[in-house]
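By letter and in written order, the chains are A, B, C and D; residue numbering begins at 1 in each of them.
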Amino acid sequence: MSSAPHTPPPSPSAASSAAAADARYVLTLSCPDGTGIVARITGFLAEIGGWITDAAYHSDTETGRFFTRQEIRADSVAMDLEELRARFGAVAGSLDAETFHVTRLGTGQERRRVVLLVSKEGHCLYELLSRWHSGELGADIPVVIGNHPDLEPVVRLFGLPFRLIRVPADADGKAAAFAEIRAEVERHDPDAIVLARFMQVVPPELCEAWAGKLINIHHGFLPSFRGARPYHQAYARGVKLIGATCHYVSAELDAGPIIDQDVIRVDHGDSPADMVRRGRDIEKAVLARGLTWHLQDRVLIDGLRTIVFA
Amino acid sequence: MSSAPHTPPPSPSAASSAAAADARYVLTLSCPDGTGIVARITGFLAEIGGWITDAAYHSDTETGRFFTRQEIRADSVAMDLEELRARFGAVAGSLDAETFHVTRLGTGQERRRVVLLVSKEGHCLYELLSRWHSGELGADIPVVIGNHPDLEPVVRLFGLPFRLIRVPADADGKAAAFAEIRAEVERHDPDAIVLARFMQVVPPELCEAWAGKLINIHHGFLPSFRGARPYHQAYARGVKLIGATCHYVSAELDAGPIIDQDVIRVDHGDSPADMVRRGRDIEKAVLARGLTWHLQDRVLIDGLRTIVFA
Amino acid sequence: MSSAPHTPPPSPSAASSAAAADARYVLTLSCPDGTGIVARITGFLAEIGGWITDAAYHSDTETGRFFTRQEIRADSVAMDLEELRARFGAVAGSLDAETFHVTRLGTGQERRRVVLLVSKEGHCLYELLSRWHSGELGADIPVVIGNHPDLEPVVRLFGLPFRLIRVPADADGKAAAFAEIRAEVERHDPDAIVLARFMQVVPPELCEAWAGKLINIHHGFLPSFRGARPYHQAYARGVKLIGATCHYVSAELDAGPIIDQDVIRVDHGDSPADMVRRGRDIEKAVLARGLTWHLQDRVLIDGLRTIVFA
Amino acid sequence: MSSAPHTPPPSPSAASSAAAADARYVLTLSCPDGTGIVARITGFLAEIGGWITDAAYHSDTETGRFFTRQEIRADSVAMDLEELRARFGAVAGSLDAETFHVTRLGTGQERRRVVLLVSKEGHCLYELLSRWHSGELGADIPVVIGNHPDLEPVVRLFGLPFRLIRVPADADGKAAAFAEIRAEVERHDPDAIVLARFMQVVPPELCEAWAGKLINIHHGFLPSFRGARPYHQAYARGVKLIGATCHYVSAELDAGPIIDQDVIRVDHGDSPADMVRRGRDIEKAVLARGLTWHLQDRVLIDGLRTIVFA
């Protein structure tokens, strides 16, 4: 498949594209906390001449774990991704790191890829496609998969491929449909798979296969109002704030690690339909924010919790 | 019992006292929705010469019910509370009203009374006592009941009576203690009974007896995190916002009608202890707001929901 | 000019279109406050059989003025717009009303029209075009005018006409350009003219000609940070919250009546570029909200202030 | 002067006192940015065996300056405050630091001291005295100075000394009064002087003498609405959010470095009096937060901006 149509056209916002063009290495790591860790890591970066453009640390006093994210200018170190990964891996090993990652954020072949899954509600799709088109997303969208044809015109509007895969209600049909979805998703080797108001429960084996890459926007303030029709649940319960939650998907429904949340105030004058309408603004903002952080390796997962170096 | 010590001393904030001195009648009503209701009610008020200082209406499209709150200057109508109640009752009857109330908000004998129940956490108590002392609460506090002696010095500081009633763990002891609490509360005939971080579950029969008057502040964003240690639950779940909820108490724990809620943003750097500390500010603000609305008859209960004419 | 391309294609969000199809009459009025006004207005509506779907009132204690907005089902009254206007005008006259309006919100010929003016920043444009395309805006966009060609591809993407009118720096060129803009705008007889990050100061005579219809989004929390580069001003001043303001344009720069505002928290880690990026989300949300309220006659102007019956 | 009455009585909140009892050294520093700074500082801390309990860094890309705050357990390093200051001073020197500080946060003699200045509005005073009394403030209040007698009863309630110093309108009287205020303040050698709704303009020479220690709460969202009656200004301008600002005082009125701000939403229904009343909650919360951060050396001043390591 040619990658041409998935890269946005020359962006009208030249500035943001220009900023994205500066290649960076991002190094993240989690390890047992202790003394001297920051000294060890910053010492390593000083040693290889790394020009740090963004650095963040977190010592979790509850779990006794340490987390860091370091962003350095790619042109400041005289080595390629493989070598940097190997050398940082040695540091990580000496710290008994549980996880460590090195990524190159940049342009061309290195651009990140996002696959979207949608159903009928379009506001999150418009938001992500607009950000893709303007260059603000900083990633390619090789395909949008829908289980309904409703949003195909929106995807075509932006000149992107739309793939319709209907999901039948019966178990066999469903299994076959998700096998097809899986094949379509995986042939693009995406860095993120986004459920942009996709109204089907993703099977557990896919949640597992895509763990840490599968991102959902839930139109409720989790852990309240899991499952279907959260705004109607919120109305019935009489809450005074409604919310949206961007989270990694795990096998348990609406119970994966939360990346970001936001709320707006409602009152007795807001019907469920008003909540649905007003909630769209926060859903799309929270999803876009969470996805952007994920694509920049700003989110480290720690069990049910996330460390977000925003 | 002499009322002297429960009325705050001449307030340092003369302005707010002066405002409170203007007596008002507050009329509230709920009835099946239909055409001409507002015309009927405002026609009645025009007829008796009522000078409306605050008026609010709500037609609930989901339940088909109508709600209103009217505040008029007491000196604008040539009748006393009993007569006004009778005449408004006739209007209510003609509208098949499910509920209607007429109250006089003012000074002296008419001042509202609030009984507080506390345990060991003092921030909500300081807040309410400060508002009482400054005259901002606009109500008397005839007694504060504690199931621990810890906060007695705070209550004494403000010159108010403190009554210690320990609540044993065994069923009989507990029943006896709550009988004593009930007696102490009811002899003051309060307009509100406030659980200001009172860490005991109130027995169902008291919840019923005090329905619509018993107000709790829950240190979590309900319906998430009901029950004990909500901040620790919130930490474990990894939410990005924590909240507080002021609600009427019903027999089901933390499940009564919500009056007000608020949240603050937290991140991975906030330990459970940080959340406890930071949450105090919203707990006390939400409680003070909800209680004030209740005392001014601004809250109408509609099943699990509230109409708040703030 | 054919109106065909300016009406969005059959919307993917059928529900919102359906809701928009129910025609309504909206009646607004402002007059000196006094007793019996609500009774007079609701009496009139009851008399003509109006089925009220939304009603709001405001008595301003500072200015002594009364404001109301009534929304009724168009099919509930047996008269057309002209007759309703005449009969409501008689009520307005009897109340010494300073302003009164009757509009029909509906479909087809009655759809409202919005003209957009843009420069180079596209986020507000994407937002409004997406809402137009999905049917959520509930209005037509007959043309987008740009003083730079940068955003033409975005407008073409959505199948709408783009008109490039460059604005030279010299006084004569500028006057000629704005004469051309005026002609282009006025031939569409729009209900709203939106400066969607249009980076030119609109001449006073146009502000006057379009008073009450010309809406701007300012990327700062007015009245702070008027004029150019508000985020840089905010950074330099060290504020801890940045904001956006949707307001009617008056001849004095960034000083017209405010329709809506919002803010987000920033800290020392946010550079001016971060503020620009993060501010986009609130700019577009605030603009879309303010424009929607305007198009539904929910905003009444009272000097420098607005009454917003949202 | 005996310190006895200024230290709060044994706190009802034992937990917060216990937490406060763990002595800490806090080291802060600002210097020109460059590579290897974090490595240098963390290397130094590792060398002296410092157990870091909280660490924060900021590289300002606009100004090219670096800022850090390190909090370590006092019992983890085998040296006293003087020696630590000398050794950290050597590190600071090698980094060409513009500022560096070492403080010991703890108990007893080391407790920080706050002097309050008040006029007639009591809500901020109640808030700070409540936090002092509960032990949450973690500092002593040796005296409260008022230019009016109104709040003396509140201060006496909490058992603290109140000093009345009237400020006449004429220049000579004013100068004499502020000389007296200065003497009273300075004999307590405070770490913070707080204008808790003190309604007098502090003379420039005092602003200078107390620079970096003199903290004001302004009841407006600066830089909007400087000077008198900010809520009335906000009402007249028709803003949709009102705010409060905690800032260091400089000679120019309401123009010093901002520590924290917050806002609440208002609408056309809020009169200036409503804004005054509703604004109190955010004023006291923002002031308490800003003061606490200041007392824990979490605020670094950078010209007009502040770095807040909260």
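What we mean here is this: contacts are C-beta pairs under 8 Å (C-beta built on N, C-alpha and C of every residue); 3 or more make two chains touch, one makes a residue touch a chain.
For each chain, UniProt lists the protein as follows: A, B, C, D = Formyltetrahydrofolate deformylase.
This structure is a prediction, so every number in the text was calculated from the model and none was measured.
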Most remote chain, CA-based centroid, reference being chain C: D
Mean-CA-position distance for chain D and chain A (Å): 39
Separation of mean Cα positions, chain B and chain A [Å, integer]: 43
Chain B and chain D, separation of their C-alpha mean positions in angstrom: 34
For chain A, residues that touch 2 or more chains besides their own: none
Category of the chain touch graph - line, ring, star, complete, other: complete
Chain D - residues contacting chain C, complex: 58, 60-62, 67, 221-225, 235-241, 243, 257-258, 260-263, 267-269, 271-272, 302-308
Sites on chain A touched by chain C in the complex: 9, 12-13, 16, 19, 120-123, 126-127, 130, 133-134, 136, 150-151, 153-154, 157-159, 273, 277, 281, 285, 288-289
Chain B to chain C touching residues, read off their complex: 35-36, 38-39, 42-43, 45-46, 49-52, 55, 57, 59, 265
